[in-house]
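Same chain, two partners: chain A is paired with chain B first, then with chain C.
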Partner chain A sequence: MDALQRLGAHLETRLGSLEEAKRQGRKVIGYTAGGYLPEELVLACDAIPIGYVRAGDNNILRDAGSYICRWIDPFWRSQIGYLTSKKDPYYNIADLIVVPITDNHARAFSNTIVFYTPEVESFVFGVPHVKDELALGYYLDGLKRLKNKLERFTGIRIGKQGLKKAIELCNRERELFSQISMLRKANGNVVPSRDFIALHHGSFLADKEVMVDVLESYLKEAKKREPSADNVPRVLLTGSTLGDGDTKVLDLIEDCGGMVVMEEFAEGLRPYWTSVGLEDDPMAALAKAYLMERVCPGWFRPGTERLDFLVELVGDYRASGLIWYQLMYRESYKVESYFFPQILKQKTGLNMLVLESEYDTAAELGTMRTRIETYIETIRT
Partner chain B sequence: MAYYDELFKLCGFEEKEIEEERPRIEKTLARLGIVPDDMPSAQSWVKQNHDLSLVGVRKLLGAWLKELIDLVLAKDEGKKVVYFGFPAILGPGLMLSASSDDVLVSAPDMVLDHTMGQIFNKLTPILEAGEANGLPPGHALCSLWQAKIGGIIKGMVPMPDLALASSYFCDMGSKADDLVTALYGVPVAYIDGVMDSRWGEYPRYLPQRVSYLGAQINQALKKSEEVLGIEVAPDAWEKSQIDSRGYINNLLKLLDLMRADPVPISVVELELLEALSGSSTGRGIREGIKAMNILISELEERVKAGKGVTEKGAPRVMMASGHTSDPRVTSLVEDAGLAVPLTMVLAQVGGPKHPPKKTYSTPGETIADHELASGPVHGTDAMIKMFQSGAKVMKLDGFIANYLFNCRPASLTSHTQKEYLERTTGLPVLALETDNFDSRTYSAESLRTKVETFAYMLKKRKEASRN
Partner chain C sequence: MNSKSTKNDPKLFAGVDVGAATAKAVIIGDNGILGYAVRSTGHDVKIAADAVMQEALEKSGLDVDVSDLAYIVSTGYARRTLQFAHKPITEIICHAKGANFLFPDCHFIIDMGGQDSKAIEVDDEGNVVNFVMNDKCAAGTGRFLEVMAHVLDVEDIADMGPLALSSRHPCSISSTCTVFAETEVVVLRGAGKDRADLIAGVHRAVSSRVAVMAKALTIRPEAVFTGGVAKNAAVKKFLEEAIGMELHVPEEPQIVGALGAALLAREEATRLPAVETIESELPHR
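Let's turn to the complex of A and B:
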């Protein structure tokens, strides 16, 4: 059984093992996408973190329509839909849902939990939108409140040693993601984007030890793969969110003869480029790594760091095209998509294709295919 | 007499004022592309939509025009220009304004809406220019920002020297400031805050929120000093408070007058004065205070005489806010026979007072504490509770809970406010999807059926309760 098959088998029985863990007194802590919840804190109090990234199905948006207006982005409306409709058991198995508040879309979800599903316990803390010492202090304070909450909730004190051990485990996961990703710099074929995304999505639900083991196996397998001729258009795919189930754009790029060699998304993929330091104060180290050292999402102000990073990735991954995949009503990305093409062109010579989705496959598939086909064709020539 | 004199007189300008300002008026109108042919329709538009029998209303329109003139000519007159996003924590802007006569701090989108929209009825080309330059239609992007970018692109309002970014309420505003920076190199001072209150938490809030938002305000003021080359006066906060106190006092008096039945003034005119208090830090607000002084005397007379804008006994509803550029949308409610004694601003001014948690050593923290206590910057439930508390005070019969297409923070209440207000007050609530800044899609006609049906139901309810 290869690594991905093992991950699949693990996830097939995951719900049952979570229920069993709960019976044995362990707590399941659900958290929302964005990469601002350090799973280390959850693991250090022997609880089980599960991340919510399921999206891509337009039907669930109809469920969400009973609770929120339509101009919240479809990913966050999906989260509202899954939580309230109980159509995905992972959204209802959590003993506590933690929502790091990143922008107003995340706030929509946190309001919904308390107002419409008061039986679900939740905890919010804020993510500042700038990177400076004041912001770091605020974020660290939020993490400390979360730590206290988790300690009270689980009855387990989070000690320095326990936290460091959890950091080491999560660092290993991040390092493995990073090593796997970097294999694509030389040749994209050895790590298909589809695999890489599946590993990320799986990692939000899988047991952490199992996940690290899967990633180690996958890395070994990928290193053994024979690189094939690298003559297809290499695409950098970026945007706010790549939900678990939102495969349309990836499918189309592959169908049209392109190959995604790098994905940059704030929600749906976990940040994996930086490790958490193992210095004396692990809480401070977590805050530093999760807020200051990671590349910020588009809703930061200013968003230039991320745009510079994209330019860097184009060079590092030898991308011959950049596809900007944004979700309807996610205003930060929409605004950036107006001025970034000029910057990209100037710094890399590449043109950029902007796609937008409301997860409405029937309405979007045809036009997206035409646009992607044309774009890939222009890269090829 | 020039082609615009009649319109300016309708808008409360004295002849002497017109003479004194004539060169500035002409330069302004030329830059805005307002020509003699525009006057008949502008005059008719103003007469159609505003209660010009009230001198105070005319003066309010005049205050907006004066703010417009100062804004359009600011660079020509050697001023440094600072823009802030609406709705704003106004404190830092007021402080900058109070610190230097050479700095103009304003919300150009609101000024354009109220003048090019409410007076000249020529806002659409400005919105279209914004749409063509980074903020396309159909994506629920802010119409205020479309007006701001459009106004800049069309050369109507000057390129700012600094943007004070409202990074504590909306995500769109700060990102659009990034757009202006990317395209034109305008420096930005971000005032960041995080709306991480938990539903139900209001009026409590974490002291850390005060510290963070306060420190961000202080930091933005420092950056403003560097960029603008000015020094924020040590007493700027106190001075700005004294300067704007007249406005708050007048709003309190107004709140009291609005208890009358019939209500003495239309919500269209309330919108004019409420918006001015959140958009101007200079002549607009000073003139606005004078206009309100006159208006309040006039309204006192009306109340004494038992006169009002709707029939006595008309159902009374709260409406969060009026339309900034097209008064027809606002007056729709009164046309349907409903009285509007309460708005969000009046509810905020007259609502329960939450005193500062402590005395702070910096203006930033003082401002932050005040803002968190007063509601909208706190979180969604704080906004809704503000409406709830107004119900008894103003003897309401219902609420028109409009929530704004293209404004995420103001639309998070879309479903919850109806449920919450109906549950806690027992009053009917019309949840109404609107765009308060652009009426091309959300016109009065598109909303009429809903509002009229709601009004009919309220009238029947009221009749039934009387019987």
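Let's turn to the complex of A and C:
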């Protein structure tokens, strides 16, 4: 059984093992996407973190329509649909849902929990849109409130040693994701995009130690693989959200002859480039790493940090194409998509293809294919 | 070239463009267009494609059928479903190729079809450099004008352009959404506005929508206007005003995509060592 098969088998029995853990008194802590929830805090009080990144199915948006207007992006509407319809067992099994508030879409989701599903306990804290001492203090305060909440909720005090141990485990996971990702800089396709995304999505649900073990195995397997022919256009796929189940863009890029060599998304993928320091104050170290050192997924928050990072990735991963995939009604990203193609063209020489989705597969597939097919062809010529 | 051609005539190529509203086919030889046809797509894209190819062949005066053509490229939204085509190529690439053939100095194309519109930057060889596309809604497409023609009781869509040009005081239609614009027109009609002024306002609105999209790219001369809507002189006029550049309209703007497909078919066939030897490998035939 290879690493991905092992991950699949683990996830098949995951709900059962979560139920068993709950019977033994452990808590399941659900949290929403964006990468601002340090799982270390959850692990340090012997609770189990579960990240919500499932999306891509238009049907769930209809369910959400009874609870929220259409002008919330389809990823967050999907979360509202799964929460309220009880169609996602990982929502049903959570004892507490934590929502780091990154924007009004996350806020709409947290409001939905409070208003429509008051039986579900939730906790919110704010994520600043700038990086300075005041912002760091604000974010750290949110993490401290979360720590207190988790301690009260689980009855387990989060000590320095326990937190450091959790940080080490999560650092190992991030480090392995980085190492696997870096294999993709070379020629060939030893780490297909489909695998890399599956590892990310699986990591939001899997037991952390199992996940680290799977990543260790995957890394070894990938290193042994023979690189495939590398004469296809190398694409950097970026954007706001890549939900678990939203495969159409990747499917189309591959079907049109392209190869995705790097994915960079604000939601749906795990930030993995920075490790958390193991200094004396682990809470401060978490805040520093998760807010200050991580490349912010907002393009212009602050300055041009993500833009510069993408330019760097284009060079490092030798991308010949850049596809920006955004979701309808995610206005912050939509606004920036007006600036970005021009800036990136100046800095990398690449045209950026902008795609937009509302998870409306039937209507979107044909036109998205035309765009991607043309774009891949322009890269070839 | 009127004599009976041989099977898989190495000198005959075709492009077929099955769009949302119309199907187009162009037959070319070594020296240019031999025949073309345009017909409504109707409810079945395969029937439409077969029929339009047959009609184009008949109009070319050649005593051949589809199976005698050396290479066929399909384009348009139904490009991947046509069994007789050797290769599907997107309409954006085909439009670029077709416009470059008709206007060798073409560097920019605005295409307005029945259900979508696009703006395309091309290089000196007719290769696509960059493009933008509207296909989310009817705004900026021929469908917008059809809906408005119905609301304003214009039976023949071809009359819309001349009526718009006859207006002396075009109304201001602020919405480019087809549904909202329809409401706006109904309100203005109720307020007693002149029909020609309303039609002119509608034309200006649709042109403005497409110009905004086109301005996301670098508009360089010569700019070419293609697609069925390019037959509408009022849209051309308002678009030219909006982008600040003259638009060249081909004699038959609807067939530019199919023509580009035919030209690409000829290029593809030229690249192949011998069509017969690889025919079994062709995915769509």
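The rule is short, and it goes like this: the second predicted complex is superposed on the first by the 375 of 381 C-alpha atoms of A that agree within 3 Å, B and C clash if a C-alpha of one lies under 4 Å from a C-alpha of the other, contacts with A are read in each partner's own complex, and residues count from 1 in each chain.
The working rule: a contact is a pair of C-beta atoms (placed from the backbone, for glycine too) under 8 Å apart; a residue touches a chain by one contact, two chains touch by 3 or more.
Just so we're clear, the structure is a prediction, and the values are computed from it rather than from any experiment.
Colleague: I'd like to know which partner A:Thr367 touches here: chain B for first, chain C for second, both or neither.
Modeller: The second partner, chain C, only.
Colleague: Applying the document's definition of touching, compare chain B and chain C: which contacts more of chain A?
Modeller: With both complexes superposed on chain A, more residues of chain A are touched by B.
Colleague: First (chain B), second (chain C), both or neither: which does A:Ala289 touch?
Modeller: Neither: A:Ala289 stays clear of chain B and chain C.
Colleague: In the superposed arrangement, which partner chain does A:Ser332 touch: chain B (first), chain C (second), both, or neither?
Modeller: First partner only.
Colleague: If we overlay the two complexes on their shared chain A, which of chain B and chain C does A:Ala3 touch? Say first, second, both or neither.
Modeller: A:Ala3 sits against neither chain B nor chain C.
Colleague: Quick one: is A:Asp103 in contact with chain B, with chain C, with both, or with neither? Answer first, second, both or neither.
Modeller: Touch status of A:Asp103: first partner only.
Colleague: Under the stated touch criterion, which partner chain does A:Trp71 make contact with: chain B (first), chain C (second), both, or neither?
Modeller: So A:Trp71 only meets chain B here.
Colleague: Okay, in this complex, where on chain B does chain A touch?
Modeller: Touch list, chain B to chain A: 134-135, 139-142, 165, 167, 170-172, 174-179, 181-183, 188, 190, 192, 194-200, 208-209, 211-212, 215-216, 219, 379-381, 403, 405-406, 408-409, 411-412, 414-416, 419-420, 433.
Colleague: Hey, which residues of chain C end up touching chain A in the complex?
Modeller: That would be residues 77, 89-93, 116, 127-131, 133, 135-136, 216 of chain C.
Colleague: Provide the residue numbers of chain A that touch chain B in the complex, in ascending order.
Modeller: Residues in contact with chain B: 66-69, 71-72, 101, 103-105, 107-108, 110-111, 114-115, 122, 124-130, 132, 134-135, 137-138, 141-142, 298-299, 301-304, 328-329, 331-332, 334-336, 338-339, 343.
Colleague: Under the stated contact criterion, what part of chain A meets chain C in this complex?
Modeller: Residues 341, 351, 356, 366-367, 370-371, 373-374, 377-378, 381 of chain A touch chain C in their complex.
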